[in-house]
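In the two complexes that follow, chain A is the common piece, with chain B as its partner first and chain C second.
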Partner chain A sequence: MARKRTLLLFLLPGVLLYGFLFLYPTAAGLFYSFTDWDGLSPSFRFVGLDNYATSLESLVFQKAVFNNVKFMLAVVIAQSALSLGLALLLARNSRSSTALRALYFFPAILSSVSVGLIWSFVYDPGIGMLNASLRAAGLESWTRNWIGSKDIAIYSIAFVQVWAHAGQMMIVFIAGLQSIPAELYESARIEGGNRLQIFRRITWPLLAPSATIVVAYTTIQSFKAFDLIFVMTDGGPNHATEILSTYIYHTAFASYRFGLASAGSMLFLAVLGLLTYAQFKALRADRASY
Partner chain B sequence: MGRWIRRACLALYAAVVAAPLYFLLVSTLKEPSAFFTKPLSWPKPMTLANIRGLFESQPMWAYLLNSVTVTLGTVLLTLLLGSLIAYASVRWGGRAGKWIAGLFTLGLIVPSQVNMLPLYSLVRSLGWSDRLWGLVLVSAALLLPITVFMLSSFMQGLHRELLEAGSIDGCGEWRLYASIAMPLSKPAVASVTAFLFVMSWNDLLMPMLLLGSRDNLTLPLALMQFRGEYVTNYTMLLAGVALASLPMVVLFVFLQRFFVAGMTAGAVKG
Partner chain C sequence: MFNVRNALLAGTIALGAMLSACGSSGGDSSSGGKEVKISFLHWRGEDVEALNKIIEKFQQQNPGIKVDMQTLPSDQYQTAAAAKLTDGSAGDVFASFPGAQFEALSKAGQFADLTGADFLGRFNADLIQPGVKDGKQLAVPYQLVYNDPIYNVKLFDKYGLTPPKDWEGFLALCETLKQNGVIPIAFAGADIGPGQFMNTMVMNNEPSEDIFEKVEAGEAKLTDEWWVKTLSQIKELNDKGYFQPDALGTKDAAAGALFIQEKAAMLASGSYQLAQNAKQNPGLEQKLLAPITVAAGEAKYEGVHTSTFLLGVNSRSKHPDEARKFLDFLSGKEIASEYANATGQNVTVKDVEYSTPELKVATEWSTRKTLFQPRFTIKNADNQKAVTGSIQAVLGGSSPEEAASEAQAAVDQNLVK
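Here is the complex of A and B:
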């Protein structure tokens, strides 16, 4: 009994902190979403589900949802393919592999602010190094206003997101590749399988759990993106890179419509909840197939 | 043939990763005039004027100290509270233990963008705004779910008998936690620590919402401020980016293993 009392004491500070500064704010957000609070004045009115209706009808909100999906698809496809490719090239341990793995991983430790600022310079239409390099290579017609033009801005930022995190996902794939027993490859080679057959019959199926992890993590991570877009375009030009998280931020802190922004947060959370549930199911299914 | 294609691909991607970093490095060490005429060339003459200028015109040491205070405070508090919870939930066992861990796992779904509005108004109404310790408390609360999750799934794998034996030998829970469970969990604790370091050193959102005055800026916030101030002084701004990243880079070089393990585990389990 004394043991349980000590254990309760262990739990107490963390549970209090978590309850007060995590669970309570989440519940408060739900509460505010039914009010017209501006975030400052002492009083507010209950407006029922009005904020949810207003959000869903708002063109900016719809655009943000659409942009979220575009950004997510671009990042998930590019990052999964790139990190798998890099992992296949670097799976074997050698000094050069180790050095390259460290280099590819490196951007993941930089802050989004640093990454965003560096890439704002790279993409700058006037002084930027990307356009300068294209011009030097005689590809003048390829130059663009990378984050200033509404058609490509979101994909330009998606590329930066992949630049920053592909190395991290590569590590997940390498761990998966290295856990495949060498004997399997050995016997396949003895039976005369060519490289493509070996990849299709052995590597790919046994890599499925790693692929699920990478796709699931990248989906959720790219859906939650905020910093990079906030730093590079702040949702512009003309909401072309507005995603749900920047929409929530702007609605709350630029338009002072806390109630409306809270409803946006709850809708955002609902989608994330669904994505997380799907991830959980997919990971379970993978584990069962072993 | 295949070998050369492999090398070409690897070299190409190495260039894609390295080019922006190279640009950052040479711009930091370059005279402002050379930045416009030869943006990609090696700095000649090499100069520390940008870095010196930054320290002269900005309270860089104060920003650095703020970042270090917030990061150390957050990492230590989160580790302490998180490991106590992980230990207690594993030790308690059974349905209650699972329930405790589950309560924290629930938080993994909720990102800080969802909590930012109510947290902002809560902290303001408590009068904790613009206080570094207020930011530490909030950051710790937000990082607890992933910490508890990573540590409890590791501690679950520890041999129960070891703890049982210690308990029969008359060790109290404090002794078991401090001299058996924690030392045995060293690999997990090291990974979590590296992960927490990166998360809180690089955080933008919470500092931006909770800190206001100039004296209290952390480095990422200071960079956002520089961008507004150095509208044309690009080399100075980029020197700021380089300086703000330097501490993490140094840690990464020496403790690479833990950073890679921690951030990968954070991905796999988060």
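Here is the complex of A and C:
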């Protein structure tokens, strides 16, 4: 019994930190979501579910949810596919592969603010490198107002997100690929399996745990892609790149409606929780063992 | 025998100590209680050098007071300043933007009442009105800005152009510049452009000091003729190619560069940008020009002004007297002159002497009929965003009616709350 208590004690610092840094703020957020607190005043009123109703009715909130889904789909599909492709190409531990892995991983160590600033200049329609390069290559018709057009701005930022994090996810896939026993490939080849068959029957099913991590992490990351959007467009033009995290930020810190922002955060938490649960369920079904 | 309660207590104390160690160390650093340390919180990082010299003088005159200046980037000021002010960790004296931030801070009781303070008499009474709430002077706007586009005098002279008196004249001027290969207006559509340019564009379409207050009260609508006309005129400038291409994707720095490099003849910003432009291109000769959007005889206002950088004393300050003393010092004519000439910003203090050409350019406007910046009369930040968003919408291809209607729908949602 005493031993059990001692063991439980080892959990205490972690539990306290988790409680203080996560559970308490979440509970406080839930509490304030039922108030009209402005974030500054010492007093506030309880408003019941008004903030939830206001959020759900808000045109900007609806736009933010829609943009978030577009952004998430673009990032999850492109980043997972690209990082898997890179992992398949660079899984062998040759010298060139190691060098290229480091190169592709490099953007992940940059701060998102730096990445956002760099790409803001790259995308600038007047002085930006992208349009200038396209013009120099005779591709004038391909030039676009990359982050100024309401139709493509969200995808332009999604591209930057993929550029910055595909290398990071590639490492997860490489770890997964390297844990697949070589004998499985050998026996598949002896039995005459072609590359596609080997990928479909062996690689992909055994990569499911890695894919679960990549897809779940990328989904959460794309929902929380606050800094890139804040630096590059601040949710503009006219809310075309507003996502839930920027909506919450603007509501709390520009409009001083902390109660409403807290309700938005709770809805955000619920959406993320549901999505993550659904992904784990879906990808768990694909898992194989050996 | 192992005691769980004691262990819990020890763990909590240890955690508390760890978290305290991570916390910031704001507040009074004096140990003997003789020296009082006050914090001065603002967003003007570019003024730090000039203000450090002023603070040094203040400290020499007031040996018992030490001023600890903290600056935050202007775009983060809304966020971080509120937290610092409310927990009392900084900002015995602090700056606020007029409009939504001043409203929120004053509603929260963050400002100490300065009504009746002697130093208020040193300011231009009209220009410090934006710091008044419910009859109380809660803050003093220190800087004076004219939010009128800047123009390149030499380029205008080269093509024989003078500031036009009506809308037709403004369009003709833009056309002449365009025909001569000069971008008529550098417009930062991605960030500050809409919020700056809307002011002069709307000032004569609806020559009223409180039109946006009426919109927020539901007594006027953005779908009314005056705003739809404003949006139509901005769209017309864009559609005719009088802004640089893809203006909606252009940020402040890139638009500024077009003007500084003399590729653009006008810059849709304000007098606050004059000194910075001159620093980067000393050959520039600059003046201010407000587009007149109506017929010559119908124009009521010549331009737009803002008194900003509202300085106040934190109502939670432990040293309100020392904080007031610092405000008093800043409002002295000599100190205000020193600040203005070192930073290139006009001030609201009376009888200040300006020495640089850029400051004198703005001073010329002090005798003109100008309107307080309409954007800052919008008290709700969501509404402000809806208004500037409607400008971005027309630049992005929406019709003025559609854009106005979408913006009004957003304002309507805030009306009922």
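The rule is short, and it goes like this: the second predicted complex is superposed on the first by the 253 of 290 C-alpha atoms of A that agree within 3 Å, B and C clash if a C-alpha of one lies under 4 Å from a C-alpha of the other, contacts with A are read in each partner's own complex, and residues count from 1 in each chain.
Definition applied: a contact is a pair of C-beta atoms (placed from the backbone, for glycine too) under 8 Å apart; a residue touches a chain by one contact, two chains touch by 3 or more.
Predicted model only: the values in this text are computed from it and were never measured.
By the touch criterion defined above, A:Leu17 reaches both chain B and chain C. Looking at the shared chain after the overlay, A:Leu177 reaches neither chain B nor chain C.
In the superposition on chain A, A:Leu100 makes contact with chain B only, not with chain C.
By the touch criterion defined above, A:Ala263 reaches neither chain B nor chain C.
One of chain B and chain C touches more residues of chain A, and that partner is B.
Of the two partner chains placed around the shared chain by superposition, chain B is the only one that A:Lys224 touches, whereas chain C remains out of contact. In the superposition on chain A, contact of A:Met129 is made with chain B only, not with chain C. After overlaying the two complexes on the shared chain, residue contacts for A:Ala74 are found with neither chain B nor chain C. By the touch criterion defined above, A:Ala158 reaches neither chain B nor chain C. Of the two partner chains placed around the shared chain by superposition, neither chain B nor chain C is touched by A:Leu207.
Within chain A, the residues touched by chain B in the first complex and by chain C in the second are 6, 13, 17, 20, 39, 127, 249.
Residues 3-4, 6-8, 10-11, 13-15, 17-18, 20-26, 28-29, 32, 39, 82, 85-86, 89-90, 100, 102-114, 117-119, 121-122, 127, 129, 132-133, 163, 167-169, 171-172, 175, 213, 217, 221, 224, 226-227, 230-231, 244-245, 248-249, 252, 258, 261-262, 265-266, 268-269, 272-273, 276 of chain A are the ones touching chain B in the complex.
Touching chain A in their complex are the following residues of chain C: 2, 4, 7-8, 11-12, 14-15, 19, 78-79, 82, 85-86, 100, 104-105, 107-110, 189-191, 244-251, 254, 257-258, 380-382, 385, 389-390, 392-393, 395-397, 406, 409-410, 413, 417.
Interface residues of chain A facing chain C in the complex, by the touch rule stated above, are 2, 5-6, 9, 12-13, 16-17, 20, 38-42, 54, 57-60, 120, 123-127, 145-150, 233-234, 236-240, 249-251, 253-256.
Contact residues on chain B toward chain A in their complex (touch as defined above): 6, 9-10, 13-14, 16-21, 23-24, 27, 36, 39-40, 81-82, 84-85, 87-89, 91-92, 100, 103-104, 107-111, 113-122, 137-138, 140-142, 144-145, 148, 167, 172-174, 177, 198, 201-205, 219-220, 223-224, 227, 234, 237-238, 241, 244-245, 248-249, 252, 256, 259-260, 263-264, 267-268, 270.
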